[in-house]
Every structure is written in C-alpha cells, then in structure tokens.
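Next come two complexes, and both contain subunit A; in the first it sits with subunit B, in the second with subunit C.
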Partner chain A sequence: MKLNHFYKLSHIIIFSFVFFTFKIFAVENIDERVKKLTLELRCMTCQNQSIYDSDAEFSNDIKKIVKNKLKNGESERDIKKFLVERYGEYILFRPLMNYNNIFLWSFPFILLIIGLFFVLIKSKGNKV
Partner chain B sequence: MSSLVGFLSLVFAIGINFYLFLSRYIFKFQKQKFNFFIRFSSLLTLLSFFSLMYAYVVSDFSNYNVFQNSHSNKPLIYKISGTWGNHEGSMLLWLSILSIFSFFFSFTKNIDKSFQRLTLIIQSLLHILFGLFIVFTSNPFLVNSILVNEGLGLNPILQDPGLAVHPPILYGGYVGYSIVFSIAIAGLFQNTDDEWLYVAKKWSLISWTLLTGGIALGSYWAYYELGWGGWWFWDPVENISLMPWIAGLALVHSLMMVRGEQAIKKWIVFLSILCFSLSVFGTFLVRSGILTSVHSFAADASRGIFILLIFFIVTGFGFLVFLLKEPKKSNDLNLLFINKVSALVINNILMIIATLTILLGTIYPIIIEVMYNKRISVGGPYFNATVIPIMIPGFLLMSIAPILSWQTNKIQNSKKYVLGFIILSILVSIQSYFLDFNTWGFVGLLLGFWIILASIIAIFSSYKVKFTIRFIQIINPHIAHIGVGIAIVGITCSSVFQNELDFNLNEGDKFNVNGKIVLFEKIETTNQINFQSLRGKFLFDIEKNQSKEIQAGKNFYPVSKMITSEAGILHQWNKDIYLILGDQKNNEWFVKVLINPFVSFIWLGVIIMIYSGLIAVSRR
Partner chain C sequence: MNRVFILTPLMVLLIICVFSLAYLLSGKDPNKPPSALLNKDVPIFESSSLYNSKDIIKSKDIKNKKTLINFFASWCSPCKIEHPLFFEIRKKHPELYLLGFNHKDLTSDAKKYLEDDGNPYDFVGVDSDGLIALEFGVFGLPETYLINEDGKIIYKFMGPITMDVLKNEIEPLL
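What follows is the complex of A and B.
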C-alpha cells in the first residue's frame, strides 16, 4: 500500500521534470537575451550600474548594438569579445574565466573542499 | 568658539587615554579612579562631537569643515546629519561611538574587575590610535582662512532622512566590534575562566544587530533614492559592510556553542579579531578612495596610508597575541553526522568561505590593477555565482539546526519534516510551472519556504506554546530563522520575477500596468528651500474610487548643480510599483515602470532579524 503511494509520487515527479525541460529549452525571445547579456555589462559612464539598468546615452547605444548583433545571429561570446576589444575587460561584471582569473574563480571552491575535509577528519574519530 | 572647545576636548580625551595607559602599564600606579577617567574621556569625546554638530547647526562657516560641507538654507535635520556626511566628521563619529561603547562597558557588572580594566585599556589604545588619526590627518576643527557668508553645501544624494541615520547605526555595528576585539584580547592575556565568553556574546549581538539595521537602512535608501529599481548592487562598499556582518553572524553562532560546553575558544577569538579587522579594513578601503563609490568623499592618499597603518597595527597586534597566548586546549568537538555541533561548525565554515570570497572579489580588481595595470570588474554575476551556491547548504541546515541535539544523532519528529518538505516541493513545482520557470526562482522559493515551514513545525512540535517571556526567548532562534526565510522569499521574488514596462507618454495619457489603468496626470515643478523639484503625478488604478497617487521625478540642487532622481514607489504588501520618470523627448516623457513582487518581505525579514537580535541581547 505504502509502496503504491511512492510509485504514484515518483510518476508525478518524473512528469513534472519532463514538463520543466520543455519550459527550460523553450526559445528565449530576443529582448530577454538582450536583458540577460546587458545585465552583466558595466555602464562605463555611470557608477557601478549595469547597462541594462541604466538609461545613460552610453548604455542605450550598447543596448542597440547588442540587440542588432543578436539579431544577426552572433553568439554572446562574440559580442562580449567585441565589447572587450573596444572598451576593455572593465566592461564585464562577470570576470572572464581564463588563465589569469583562475584563482578568482577557483578560490571559493578550494576553500569549500578544504572545509569539507576538515569536517570529515574531525568527525571520523567519534562516529557512533 | 565651538570649534576650539571641540578640538581641545578631543585632544584632552586622547591625553587622558595616554595617561591611563602609561600610568597603569609603564609606571604601575595602582591607586587611581580608573573608571572615572574612562568615563570622563568618553564624555569629552562626545563634547567634541557635539560641538562640531553645534557648528553645523548654527552654520558657523569659520570652521573649514562646515564651510566645505554645509549650507545655511538646508533643513535642520540635514545640518545635523551633515556632521557625519563628510570624511572628518564621520571619523569623529567613529571615535565618539568607540567612546560610548567604552562608557557603557565600564558599567558592566558581574565580571572580573581586572578583566574589565584590561579590556578598557585596549579600548583606550584604540581610542589613541583613531584619535591621533583624526588630529593629524582629518581634523574637523580647522579654521577657515577666508571670511565667508555661505558654505558649499552637502552632497544632495545624502540629503535624505534614511541616510541621515544610516551612518551612526552602521558605525555602531562596526565600532561595536572594537569592544568584542578588546574582550577577546583581554581574554587571551588573562586566560582564566570562560566568563568572558558570555560578555563577548552580549556585545557581539549588540554590534551585529546594529550592523544589520545600518546595512538595511543603506540598502533601503539605495532602493528609493538611486532609482535603479534594485536594492543590492554588490557595490564594493556594500560588500565591505557585508563582510563583518557575515563574520559577526558566524561569531554569534559559535558563541552559542558556549551553552553546549562545546566552545572552541580559539575559533571564537579568531573571529572576534577578524570582525574588527574587517571593519577597520573596510574603513581603509572606503576612505582611501581606492574604491570609487557613492561613499568616497574627497580622497586623500595620506589618510589611506594612516588607516592602513592602523589596520596593520590592530590586526597584527591582535593576531600576534592570538599566536603567542594561544587559549588553553578546549574539549574535543562532539561532531556527529548531524547534531548541533556539526551543524554549527558547518555553518561557520560556510560563512567564513562566503566572507573570504566577498573579500577576494572586492579587492581582486585592485590586485589586478597593481600587478598588470589593467582594469577589470568583479560584479554581481561573480558573487551570485559563488557566494549564493556556497550558502545554500547552510540555508538548508538552518531550517532544523536549532532543534538538533548536542549529544545524539537523532532528529525529533523527523517524519513531519520529511512530509513537510515533500509537500512543499510539490507546491513550489506547481507554482513554477504556471509562472515562468526559473532555476534560481525555484531554488530560492523552495529554500525560503522550507526554512519558514520547518521552523514553524519545530516551534509547535518541540515546545509547549505559552505566552511568556521565557517562551519568546526559547523560540527566538527559530524566529530569527523565519526572518531569514521571509527575506529569502522576498529577495528571490523581487530579483527573479521583476517585471519591467517602458512607456513614452504625454500628460493625460492612460496606460496599463498589470491590468490596472494608470493615468499620467500632469508634470509639476515647484521650488523647495534648497532644491527645485520636477514631479510627474500618476494616479494608479483610476477605475476604482480609491486610486492612489504616485509621484516620480527629479530634484535639482542649485548649490551643487546636481540632479537626483526620485523614484515614485507605491508599496503594496505583495508588490511595489516602482516608477521612474525619464527624459522628455519630442514632447513625450519616458516612463519606466518596474513591478517588484514581494519586496516588502525583505524588509519584514530584516525587521524580524533585528527583533531577534534584541531578544537575544536581553537573554542572559
């Protein structure tokens, strides 16, 4: 009887996952892609504001450029590369994952692993 | 005249602290009214601060600092808050709060007298350091060399009631850690009993509560004054305030272990030193002008170097004592797969990782600039991608942590929690299927509601519900965690499900926001005492009788020739309608409407956290 409930539950879960995957891979429209990209770009003429949030002239220009490039089928990577060549890496709020920034990106996860080891070693001795 | 009084009392207070230190530790005078001198120097420092405030209130432009940062036709509240709206004044505020903490600490009962004195001596060393810093690099009492009738004015962006009280409360948190620092160092020197841990707990709770309030006020201000629609931007200065906040939270939690006789003294001392070091380091970063932000007043390299020096003295001294006078080895930790100790240890580890990650992200651009002479940014996307995933296990754990046992592995009523979690996941799944699915939205909502639900289950299944003060104190950890859960729900909804609408409008146009008709009534310009205001008047939901007015616009401050944006916000319990009036083009106004769902939950959550902080302080 209990097992029966479990099967029903797992069916529900599996079905919902199938629905979700459809939702996730649904094609994003162009405005959403512009938003996603420009949220990660710095408005160079403002103080610590993203291009998406800003209404400065600079930001509006970049928004137009990004939109056109996306319409032409360029990838986000290419657009970022183009902007970095033009304005420098300073424009990217998300630092590039390259050789130079390897420390920046790996640091938290190295700490996490060290912390995990610490807990495991400390708790090994007195397991019940 | 008031400047002279202020300067003399400032110097005199520093002198008293020198005398106390020298007489006690160099010349070994034992007979003296120690507490009297400490209190006297505190009052002198306060006198110094209030005489600066007086100079601001009466617009005494013979004081150079007042001339630089004030104007005679400002409202009184901004004359008062102008006292700390600049570098020199804010450092004097810092010192005054340090004195206030010493003052109150000298009244603490139930602690060893010699321990109390040692703590206060360390406080007075800090007083000397910061006092000299003010006198030599940031003196707010300099005389204006020219005769003037009018000042240069306060930065208009700071002319806001929320921001008027934000610095004193925030500094209360930062500087509050000085007393925790002093207590920890004194504890290392004396190394006797564990009584000091209880004292440290109280003071670290006070500091943490103040810091929470200060940060919340700051971000609320950013929400309605900057007009960007958000309330947290991972701005360097925000990060700086977040670091001691998280480290302080870790400290408060590890002090909980005192109750279970599992305290790791070493770790507690380390955290106490770290919290204050981070506060001083933050002050260095902000005041040196290395970071560009709303907070950097006129930058001056010599000040930066001086604060850096103080930072190295404080941190170096702290950690040196820590290494030399290592605390006695405490009991072994009783770490089990899941008990209270392991939950607290994991919580501490995660919080420290989060703190260090924020630290690295904040100073990384500086390091890169020094090493490669290249400017890069480390912004929100980095912190969202690192700090948030790291904290998730901690959030999961905090839902049940308060009811875990110290000794055993068992969870009471575990079935109820499992059932609750399953039902909740199904509900959130259904919700996210009907709205747009978003991974972060799903995770955030599930976590937030799970914390709330589990805490409620814990309260009702583990304790007898009574309406007594004792009961309120017992369930306090759960209440605090419910606050966090509510805040997580608010944060998730307002950032993930934010909706934006853009319009180009003429006066008299009607437009549709979420099915409600909004009327753009008119544009109005008025002259206020110290600024000109331009306001667009909007009527929200005009089809109902009780339509609500929203005003959004800009202010122009002629004294400093600056324009600030004034967002119009209609607060509702489940959403904020956030209006920004843009520029006028071809006779049409650009209007941006943001619908921020459940923003009020963030502030509610923060208020609950502050409330819990206060209750915890009251608990003995």
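What follows is the complex of A and C.
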C-alpha cells in the first residue's frame, strides 16, 4: 500500500519535473527567437540600432508584439510581413529579395563579371 | 578599337551607378522614411472616446468624409507646438473631420491638456496601449494622416506640423 503511494508520488514528481523543464525551455526558446528576430529589425527612432539593442519606447513595443506573435505560433516570416506592411521595408536591416531590390542584390555579381572581364583582357594582353 | 571595347563596360557601369544613386537619393530623407501605408486603406480600428467610454469610433465611421488623424499625448512636447494649428485648420476647413488619438496617456492628463490648450478635435479616441498607432505605423509623436473620402491614406507627416507644411503640403490636398 505504502509502496503504491510512493510510486504515485514519484510519478507526480517526475511528470512535474518534465513539465516545468519543457516550460522553461519553451520560454528560453521564445526569448532566443525574439532576440534573433529583433536583431534583424531597425529601431525607427534611433540611429543605427537594432530593436533588440534599443530601449526606446518604440523598440520595446515591437519586442512585446514580436514575443506575443511568436507565442501565438506565428512564423518569423509572418511577423516580418506584418511589420513591413505597417512600417515599410525600412524596418528590416536586410532588404527583401524582390523586384525593387533586384539591382541591389545583383550589383555585386555585375561587378564580379566586369572584374573578371578585365582580368581576362589583362591576362590576354600579358600573353601577347 | 580595343580601347572602345574596354571602355564600354566601364561607361555602362558608371551610368548605372549614377542613375541608381540619383534614384536612391531622390527626395529621400533617411530620418523620415515614407509611410508603407500611403495610398492604402486606412487600417481597421475601434476606439472609445476620451470623454465617454461608451462613445465608440470605428474606421468605417470615417468613410465618405475627408479626415485628418492626429496622434498626440499630453507628455509629448512637440504635440504642444503644433496644437494651435489644428484650430487654424478647424477654422479654415470646417468640413474636414478632425480625429485625435490620445496615445499612451493618462485620461486625467489628456483631459487636462485639452482643457488648458483647447480641444480642436471632432472626436478624441483613446489609444492607451498604442495598438491603433501600431496599425498606422506610428513610431514617434506627433504624427498626422490625411484620409480621403475613399478611406485611403493620402498623406502622412511625422513630427509637429508647421504653418509651411499646412499651407504647402496639407491644404493643396483638401
């Protein structure tokens, strides 16, 4: 009888331990995700600071919103879309891959091709 | 011939750079990024009156009327600077609906502010948690939006409105 009680109690302790461990892990995981995402967002009221690094009221509001949205299971992509719809692409440190930014993303490759072209011309000239 | 062959890509690159730079710098102030909501529908909102919590205003209530929305707070000093200009707007354009959103403020402070400086608004909505401001993409007070009869945001101004802004930017749109 006593042994039965002991088993029940140990089960409760183990389950509680597992439950709280997962809970703490989930909170830490969310905080990590908030940090990762807010490091990619620009504080609109500060000079060159991310929302994560800033203590401005605007940044604190965005941090809260990001945390709530992550808790509600929204993806990082959805959260970024939500913020871009309201604050514009300016809020993102990393520009989106879209039609407007095609030149921005392709420019390094254009430079590379032109550079290679000149190297080729130069090497041909040296051979002669 | 060989020289032209080498210089052509360089010239093309230079032209691309000049045009890109001109495009990037054309009328863009990094301190005042353009509103993402410009020419888009006014965000959906619902707010109770500062004076009577049962009196509610919704986004659909401002349809079919030109509306000037101003986000302000009693703790915001630049708001105090632009405040008298709303009386000017009120006097010159009585047909314009003036909607003020009291942002993250104490009700008592907001009431006292409007009592001391006067209340130019047709309706003062409460935005105590800042969620309405978030929907409008507000990131600093004061901010002012002009909404046309179709419910589209046609103008946004960040910071305190001045007489110049009123005359040269807002009034031509009214």
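Everything below uses one rule, namely that the second predicted complex is superposed on the first by the 92 of 128 C-alpha atoms of A that agree within 3 Å, B and C clash if a C-alpha of one lies under 4 Å from a C-alpha of the other, contacts with A are read in each partner's own complex, and residues count from 1 in each chain.
By our rule, contacts are C-beta pairs under 8 Å (C-beta built on N, C-alpha and C of every residue); 3 or more make two chains touch, one makes a residue touch a chain.
Please read these numbers as outputs of a predicted model, since none were measured by experiment.
If you tally the residues of subunit A touched by each partner, is the higher count for subunit B or for subunit C?
Between subunit B and subunit C, B touches the greater number of residues in subunit A.
Go through the superposed model and pick first if A:Val119 touches only subunit B, second if only subunit C, both, or neither.
Once the two structures are laid over each other on A, A:Val119 reaches subunit B alone.
Based on the superposed arrangement, let me know which partner A:Gly88 touches: subunit B (first), subunit C (second), both, or neither?
Both partners, subunit B and subunit C.
Is A:Glu40 in contact with subunit B, with subunit C, with both, or with neither (first, second, both, neither)?
first
Applying the touch criterion given at the start, work out whether A:Gln49 contacts subunit B, subunit C, both or neither, answering first, second, both or neither.
First partner only.
Determine, under the contact definition given at the top, whether A:Ile65 touches first (subunit B), second (subunit C), both, or neither.
After superposition on chain A, A:Ile65 lies in contact with subunit C alone.
Output the subunit A positions appearing in both contact lists, the one against subunit B and the one against subunit C.
Common to the two interfaces on subunit A: residues 88-90, 111, 118.
So in the complex, which bits of subunit C are touching subunit A?
6, 9-10, 13, 16, 20, 33-37, 43, 104, 130, 134-137, 139-140
State the interface residues of subunit A toward subunit B in the complex, per the touch definition above.
That would be residues 9, 12, 16, 19-20, 23-24, 39-40, 42, 47-50, 53-55, 88-95, 100, 104-105, 107-108, 111-112, 115, 118-119, 122-123, 125-128 of subunit A.
Given the complex with subunit A, which residues does subunit B contribute to the contact?
228-230, 233, 235-236, 292-294, 332-337, 342, 345-346, 349-350, 352-353, 356-357, 360-361, 364, 368, 372, 374-382, 385-387, 390, 408-409, 422, 426, 429, 432-433, 436-437, 439, 582-583, 590, 592
So in the complex, the part of subunit A that touches subunit C is made up of which residues?
44-45, 57-58, 61, 65, 84-90, 103, 110-111, 114, 117-118, 121
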